[in-house]
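Below, chain A partners chain B and then partners chain C, in two separate complexes.
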Partner chain A sequence: MAKVFIYPGTSLILSDLVSRFGHRPLGSALSVREKVQTAGLDSPPLQITSEDPKKGLRFAAVEVPSGVRGRMSLFGPQIEEADAGIIIQDADLAFGCMGCARTNELVRFLLHRRGIPILELTYPHSDEEGVRFVAAIREFLSSLAGGASA
Partner chain B sequence: MTPPVRIALLACGAEYSGVMPEIYEAARQVEAEVFYPDVTLADVRSAGRGFGLDVHSADLKLMIARAEALVEGRAEADAVFIATCFRCAEAAIVRNELRRYIHEGSRLPVVSYSFTERTTAGTLLTRMEALVTIARRRALLARERQEGITLGLDSGSSTTKAIIMKDNEVIGTGWRPTTQVQQSAEEVIALALEESGLRRSEIEATGVTGYGRFLLGNAIGADLIQEELTVNSKGAVYLADRQHGFATVIDIGGMDNKAITVQDGIPGVFTMGGICAGASGRFLEMTAKRLGIDITELGPLAMKGMGRNVPMNSYCIVFGTQSLVNALAAGNSPEDVAAAACHSVAEQVYEQQLQEVDIREPVIMVGGTSLISGLVHAMGELLQTGVVVPRHSQFIGAVGSALLASGFIRKG
Partner chain C sequence: MTGKAGAGGGPARPGVQPGTATKYVFVDSPELTAADLALRGYELAPGVQIKETCFGLMITGPEAEIERLVEELRLLDPDRIFVKDRGFPPGDERRCRANLGGARPGFYGHEHEMRLVRYISSGLRALRDPKKADLLRAKPKHHDEPLSVERLNTIIQES
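Right after this comes the complex of A and B.
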């Protein structure tokens, strides 16, 4: 079983795909499980305290906005822990959303810098693209050590 | 029971900065309720098309969608609080443009703020309180004449001021540096009473503003305890006799600065800054001290100098003081250094705060620093307009408090 970081971190579809192939998805669902009690489009993770952006200093300097550092306190440790990553570019908001464009840039950069296997795809806009999209993810997940066939 | 004032929150990054509890706490303290305006996913997808600003961050799209819902009447609120991360350029653009958009497209009072993880409820309290005052107390703010005998107190960070008014006239004043909040207040009350020739028992109503307003107001049983944003803007247009139409009020204080766009005596857009002391009256105090003169002499001295002869432009009071010391060591005249210090403070306020409000003439400067003629001159040059400094401008908070307190006089 590999630990696979998913981007966008909130994507339930990606999370589900990773789980179906016997791997462990790393993303918002896991990182904010302890923080969020009420789900929703704008569910405020009130349990995030002013200490979290300070933890984010490991991944972004102090002049980086506190919202970016707060997010990185959740995603940064997961990126360090990940064995692989799946990045979906230009995803529809309903597919998954991380909120902050600067955090997105940093997350993608740090994933690539890890040197782990990364699958990078553009979000599909037709049925045909959708089939190819799922097939590519399946092939990538199957290639990771310890995976299962769906 | 009065329903709470509903403040619509348009925010990006607040949840991840750990400041949401602080925002909720500040609202709770002024009996307000913070909420997110409801929008649909379709609203978020189309956000910005009508507004005309295409942003990359989804949370900023969400902010725009919520602002559009407020302006178009699809969501109801009494006031709007816009908050984004400090140092985020994309958010700063959205924050400023949304503030302008809501101000122009609705009658909702709006305030914007850029936070860090260190932002506390205390920092936000005055802004929230002003929003609540404007939303709930429009009738009080509509007062244009002082009636009866009232006492106004301004317990500021640097000085404490008292004003006694009778039948729309200032008849007593008191001014002292703030040391102990209550003790300083008692001293200025005594001074004002002596000047007015009245006894304390003759005071019919009392209003209190400034940093020490809660401690002081509760101790003396004030009729009105009010933040300084609304009180000062009310006092400014009253003293400058500009109670109708637009005006811009600038108050450069000892600890923070206020810039307020006023319409018919009611604040519309306001900013309150206090992050960098290089843009405060405190820097001018330090300049006067370093030049070996009294603060009252700084303005006239600056008027004799040429500020552009001395490089001085620092957000930070420590770096500003370094520039001051270097300038004097390089042989610059005290007049030029005084002028440069005034220009530096005016420029910081201009760059940091006046960009966040819509400057409407007349521009009225108030507070103790408005007596520093060099600073007023520098601000006028930067804004390319004449600046009005009304009589008693240094007592602005106390005058506003005395004026508004007359609404609490019990008749008969």
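Right after this comes the complex of A and C.
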């Protein structure tokens, strides 16, 4: 079972397909869950402390806004941990109340820089595109160690 | 902080203890409703907290139990049930819109993707359909791929 970083990290479609084909999706929910389940008194209720932007310094320079560094403290370790990545290029939903455009650019850059296998796709908008989309993901995931057929 | 207190100093809530997991179960099927899923869920795993929603379920419980429940629920309609992790447990006042007002952050993402899951369902069905073998081998098109120099030369020479 490989660890596959998904972008956008909140994607239902990617999360489902990666786990369906026998791998572990690394997305926002897992890092948020870790925060939620870690008891602490520093900064309730979300447990985001001033330490988190410091952790983000490993991935973004000090002049980068603290919001980006804070987000990178969640995504950065997952990118380092990932064995592969799947990126949806036209994921407009990853910007706005869902996330930060500069963080998204940095996440995609760091994924490419790691040199792990990356699959880049766009959302399907017809049945035919859906078939190609699922087939491409299945083929990509089956090429990773421990992949299973649907 | 005592062991019984949840993260953030509040009272203990299901889903915030380490080792527990919360998952969304989305259903987009004409033959299956969220209520059907919830009933089946209670039959399969009485110890798991199940919240029925308009789109499906939110299930919270020990991680191994949740994985088992998800596998069983998927069998009801494998191509039209979609599952993803959630960070917060259901009803958590840090995220629940009952406390915050307005749409929950994340709603718009789900709304966007739920319009597209019908195509994913088609793709999953096609994996078992020998007539779609050619389509399965085809690579996804990239609409915004730049025109290659070779292709541009060919167009110029042909015109």
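What we mean here is this: the second predicted complex is superposed on the first by the 134 of 150 C-alpha atoms of A that agree within 3 Å, B and C clash if a C-alpha of one lies under 4 Å from a C-alpha of the other, contacts with A are read in each partner's own complex, and residues count from 1 in each chain.
The definition used in the following text is that a residue touches a chain if its C-beta (ideal position, glycine included) is under 8 Å from a C-beta of that chain, and two chains touch if they have at least 3 such contacts.
For clarity, every value in this text was computed on a predicted model and none was experimentally measured.
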Partner with the higher number of touched chain A residues, chain C or chain B: C
With both complexes superposed on chain A, which partner does A:L17 reach: first (chain B), second (chain C), both or neither? second
If you stack the two complexes on chain A, which partner ends up touching A:H112: first (chain B), second (chain C), both, or neither? neither
Scan A:D52 for contacts with chain B and chain C and give back first, second, both or neither. first
A:Y123 contacts which: chain B (first), chain C (second), both, neither? second
Could you look at A:L30 and tell me whether it touches chain B, chain C, both or neither (first, second, both, neither)? second
Just to be sure I read the superposition right, which of the two partners does A:A135 touch: chain B = first, chain C = second, or both, or neither? second
For A:L93, decide between first (touching chain B), second (touching chain C), both and neither. both
Both chain B and chain C touch chain A at residues 41, 44-46, 93-94, 97-98
Over in the complex, which chain A residues touch chain B? Could you list them? 41-42, 44-46, 48-54, 63-71, 74, 93-94, 97-102
If you look only at chain B, which of its residues touch chain A in the complex? 12-21, 36, 41, 44-45, 55-59, 61-62, 84-88, 90-91, 115-118
Spell out the residues on chain A that touch chain C in their complex, using ranges where they run on. 8, 10-13, 15-17, 19, 25, 27-33, 35-41, 44-47, 89, 92-94, 96-98, 121-136, 138, 150
Would you mind writing out the residues of chain C in touch with chain A in their complex? 1, 5-10, 16-18, 20-22, 24, 26, 82-89, 92-94, 105-106, 108-110, 112-114, 116-124, 126-127, 132, 135-144
